[in-house]
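You will see chain A twice below: alongside chain B first, and alongside chain C after that.
So, the complex of A and B:
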C-alpha cells in the first residue's frame, strides 16, 4: 500500500515538473541574464562567447532617480486601486447579498456581463469621460485625463465586477442568524456591516486585496493610454519603452533586470498571502442570484 | 409583559407564510409554537422580533403597538438554533455586546456579565472564543447574551435542535427553570412535540401558516381539536381508521369492515354524520387474547420501556404498545381491546374533531 502511494506521489511530481518546466526555465533565464553580459541559452557568457561575464551593470538603472518616482507611482496606483475596490465591493456585495431591492437581479447579471468584456473595447469611451472630468475644477486636477487619480478611478471600475461578485459570494456564506442577533443586540445596519459582517469575510477581503494589488502593480494598458508621460508613468510602461526604443538596440540584460525588479514585490506579497488566495476557491463562492 | 398578535399576516411573493394569526400571550407565560417545518412558526417569531415586517395585522407589546419599532428598541432577547455567536469575539465580548452598544460603563458590564455567567454556569469560559466551546456551552452563552439585556420578551428559535439527545433533556429543564425563576414572557419555536409539551404553559399548533389550536399541553393531548393535532402530538402517533356509526338500541356502535366497536356513552360525537374517522392512541389499545379483533404482528420495535407493535387487521395498519416481558414476535396473532373511553372522532371532510369544538 505504502509503495503504491509513493509511486503515485513520484508520478504526480514528475508530471508537475514536466508541465511547469517551461515557466521555471523562463524565470531561471530571467534571473541569470540580469547578472550577465549576454546569455547563450541558460549559459551566461561574456562578449567573446566564453562562460562567465558576470556583471552588475544591468542593475545600474536603480541609481537613476526616475525609477524610484516610477516605482512610487506604481505603488500608489496599486494601493489606491486596492483600497477603492475593497471599500466599494464589500459595501456593494453586502447590499446585493442581504438587501432585496428593485433591479437587484438585473444589476447582478449586468455586472457579470461587464466582467466578461475586455477593457480595451472601452478605451476611447473612457478617454472622453476623463476629458469631461478634466474640465471640472479641482476634481479635474485629481481624477482627470493624465493623472494617476484618473487611472486609479478607471482601474477600480474595471476591477469592480469581479470584486462585487466575490464579496457577494462571501457574504452569502455568513449566516443570517448572526446578523439578526446583531440587530436585536442593538446594532444599526452600518454597524452590523462593519462590526459583525466584515470580520467574517476577512479571508475574502485578503484574497481580493491581493488580486487587486497585483492587477494594479502590473497593469499596462490603462496607464499607457491615459498617462501622457508614457515611459515615465509606471513600471510596466517604463519596461515597454525600453523594448521599443528606436535609437538603441534592445538591451535584454537591462530589460530582464527591470522585469525582475517589478516582480519582487509581487513575489513577496504572494508568498506571504497565498493561503488566503487559495480561499477564494475553497471558502468563498460565486453565490447564486 | 403581555404580547398580542392580531390578524398577523406575512406573504413572501404569492405565498402566504402566516395567515391571520391571532394570539394572546399573558405576562410571564411560556408559549411554544409547534408545527412541521414550513408552517410559519419561525416567520411569526421573526415578525415578533422585528426582523420581518408584517404585511397586515398588529403586534402589541403591553399596550404599545410595535409594528414599526426596530428590533433593537423592542427590548427582546433571542436565542437561535445556530447559536449565532459572533465568532471573532470572546465569550465575554459576546455577552456584553449589547451593553457596549448602549455605551454602558466597563464596571457595569463586568458586574452584569458575572451575574449572567453565574446564572448559567459559564463563569470559567468568559475568555474563550465561541469556536472553542461545545454545542451545549455555546447555547448557554447565547442564552446569556439574550438575558443580559433584562429583556421583557425572550424568543427561542429551535434552540436545542443542534444538541445531542442527552444534553437536550438537560437544557430543556434548565431553560424552563430559568424562565420560571426570572418570570420573562417567552416564545419558543420547535418542531419537537416533546419539547413543546414538557416546557410550555400553552402550545400554539400551526399548520400552513394558520393557527390550529392554542391551549395547555395536556388539553392538546387529551382533546385534540383537529386530526392534524391528534396526529402531530403524542408519540407514537395516533391510529386512525374510517368507521360507520349506528345505534343499536341504547348503545352506539362503530362499524369497520373487519370489526365492530361499542362506544362509551360518555364519548359519543355530538355532531357530524354517520361516517367518521375514529382515532385511538397506541397506549389505549390493550392485548386481550379473548378479544374478537384479531391482528397479525408485522414488526416489533423495542422502545425500551415498551415494545411498539406494528400490526395489521386485514388491510388496516395499526400500532400498539405492549409490555416487553410478553415477548411478542412478528407473525404472532393477538387479540386487541380498544378502550372506548379514549376514542377520538373526526369529520372525514374537514378533519375537525367531533368531540371538542
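So, the complex of A and C:
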C-alpha cells in the first residue's frame, strides 16, 4: 500500500517508530537472548564477548519435571477461571438483559461501579476471607488459603464485573422475536437461555473466554499473594522468583527462555483474535493500568 | 403471581454472581474498614487483637513516610496519566489514523503487546533494556556508540522507569478509545476541512480534538482510578525501592508482604481504606456520568 508523501505522513511514521521502539526492542531482546550464550544489547555473543554464541541450552529447563507441574498449575488456573467466568457471567448477563426482575437496576449500576472499583485494594481483606474459608471443612480444602481453587475463585470474582457487562451487551444484541417465539411455545427460561440464547452469542463467548484465559495464564499478583509456595506455584511467580533471586548469579538467557515459554500461547491467541480483543479492551480492561 | 415468579427467575440466574460479589467485594470492603480500626498484626495474631478506634489513621497522619509516599503517588499518577495514558494515547491514535490502515493497524497491534504480555515477562524486557553495560540494550545502542557514559538505569532513574513501564500499558487504552472516536467522525467533515484549505494541524485542533472531549474525560476518570491503585508492575520492577513506594504498594507491603515478616494488618488496612473510599467515590461518579443512559432500557420480553 502506498503512503501519501507529505510532511505530516512522514512525521506520523517517525513519531510512531520512535515511540514504539521500546516495545519492539524489548521483544527483539527476548527472542535473541533465548538462543544465545549471552547478549550485549541486542548482539548475541559467546563467553569471550565475540559475536556468535548460538545455543539451545537456555531451554534445558524444559527437561525438569518441576516446570511441567508449574505449567499444569498455570493451565488449570487459566482454564477454571475461563469456565467460571463464562458460566457465571452468561447467566447474570442474560438475567440483566432479558428478565425484568426486581432489583435489576440496582444490580446493573452495581456492576458498573464494581467495574471501575479498584479491587486490588481489597487484597488484605480477601486474605482474611480466604483464611475463614479454610476453616470450613471440605470447602476449605478446595477453595481455602493456599489452594489453586481459592485463587481461581478470587480471580473469577474480580473478572465478573467486566464479564457480566460484556455478556449483557451481547445478549442485548440478540433479536427479541426469537426468544419470544420460544417462550410462547412453552419453553422455560432456563432452556431458553441454554438452547436459544447462548448459541446466539458465540462470538461474545469466544472473546470473553480468550480474554479470561490470557488473564489467568499471565496472572501474577493473586497467585503470588495467596499461594505460600509462591515461587513454584505458576509460571509468573516462578519467573519472578528467578528474576529477583540474589544468591544465584542471574542468567538472562534462561529468564528469557522461560519468559518466551510463557508468552508463546499468548502471542498465538493474540494473532488470531486481535479484533475481538480490541473490543474487550475498550470495554475497559480491569487491573493493570 | 406472574411477577413474583419472574423476580425469582431473575434472582436464580443472578445467584452465583451475587454470592461471589458478596464474598469478594462487599464483605472485603466492610472488613477493610473493620480491620483498619483494630491493632491486628502478626504479633497479636487473629485472636488477641483489640479495637483501637482511629489510632491507625492518626498513625498515618503522623507517619514520616506518609508525605513521601503520598507525593510519590501523586507524581506517579499525574505524570503517567498526562504524558502517557492521555498524551501518548492521543498521539498514537491521531498518527495511526492518519496513515493508511495496514501500517496504522500494525502499530496499533504492536501497542497492545505490552497489555497482553504477562506482567513478569514484560517487566523482564524493560529491565533488560535498562540493564547495566555491557548487557543493557539502551547502553549498547544509544550510549556506547556515541561515547556517552553508561549506567544502570533502573536504580538511577527508578521513577522514570515506573512511569514508562505503566505508561506503555496505559497508552493503549487511550489509543483504542480515541481511535474509535476519531473514526466515528463523518468522513465528509474530515475531507471537506482539507478541501477548504485547512492544514493537517488545523484539522487536528479544530475538528478532531473538539470531538474527543467526552472520550478524554472518560479516559482520565477511568485511568486515574486504575493508576492510583495498581502496583503490580512497580512491585515486580523495583519493589518500592529507590523512592517508588506508591500508596497502594505501601499498604500491600505493610499488611501482606515484607522482609521482616511483621504484618501490620490494621495499619495496612487503614492505608487501603483510604483508597477504597476514593475508589468508591470515583466509581460512583464514573457510573453517574458515563453510559448510565444505556442501562435504562427495559427488557421488552416480559410483556409477551
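The rule we apply is simple: the second predicted complex is superposed on the first by the 249 of 289 C-alpha atoms of A that agree within 3 Å, B and C clash if a C-alpha of one lies under 4 Å from a C-alpha of the other, contacts with A are read in each partner's own complex, and residues count from 1 in each chain.
Note that in this section a contact is a pair of C-beta atoms (placed from the backbone, for glycine too) under 8 Å apart; a residue touches a chain by one contact, two chains touch by 3 or more.
Model, not experiment: these values are computed from the prediction.
When the two structures are aligned on the shared chain, A:97 is found in touch with chain C, with no touch to chain B. Looking at the shared chain after the overlay, A:227 reaches neither chain B nor chain C. After overlaying the two complexes on the shared chain, residue contacts for A:23 are found with chain C alone; chain B is out of touch.
When the two complexes are overlaid on their common chain A, residue A:118 makes contact with chain C while staying clear of chain B. Which of chain B and chain C touches more residues of chain A: that partner is C. Once the two complexes are overlaid on the shared chain, A:180 sits against chain B and chain C alike. When the shared chain is aligned, no partner comes close enough to touch A:148: not chain B, not chain C.
Counting contacts by the rule stated earlier, residues 180, 183-184 of chain A appear in both its interface with chain B and its interface with chain C.
Per the touch definition, chain A reaches chain C in the complex via residues 1-3, 8-9, 12-13, 15-16, 19-20, 22-27, 29-30, 33, 38-43, 49, 87-89, 91-92, 94-105, 107-110, 112-114, 116-129, 131, 153-154, 156-158, 160, 164, 172, 176, 179-180, 183-184, 189, 193, 214, 217-218, 220-221, 225, 235-237, 239-240, 243-244, 252, 255-256, 259-260, 262-263, 266, 270, 274, 277-278, 281-282, 284-289.
By the touch rule above, chain B contacts chain A in their complex via residues 46, 49-51, 70-72, 74, 76-78, 80-82, 84-88, 97-98, 101-102, 145, 149, 157. Contacts from chain A toward chain B in the complex involve residues 175, 177-178, 180-188, 191, 196, 199-200. Listed in rising order, the residues of chain C touching chain A in the complex are 6-11, 13-14, 16-17, 20-21, 23-25, 27-29, 31-32, 35, 46, 80, 85, 88, 91-92, 94-96, 98-103, 107-129, 131, 134-137, 139-141, 164, 166-170, 172-173, 176-177, 180, 200-201, 222-223, 225-233, 235-236, 239, 248, 251-252, 255-257, 265, 268-269, 272, 275-276, 279-280, 282-284, 286-287, 291-292, 295-302, 304.
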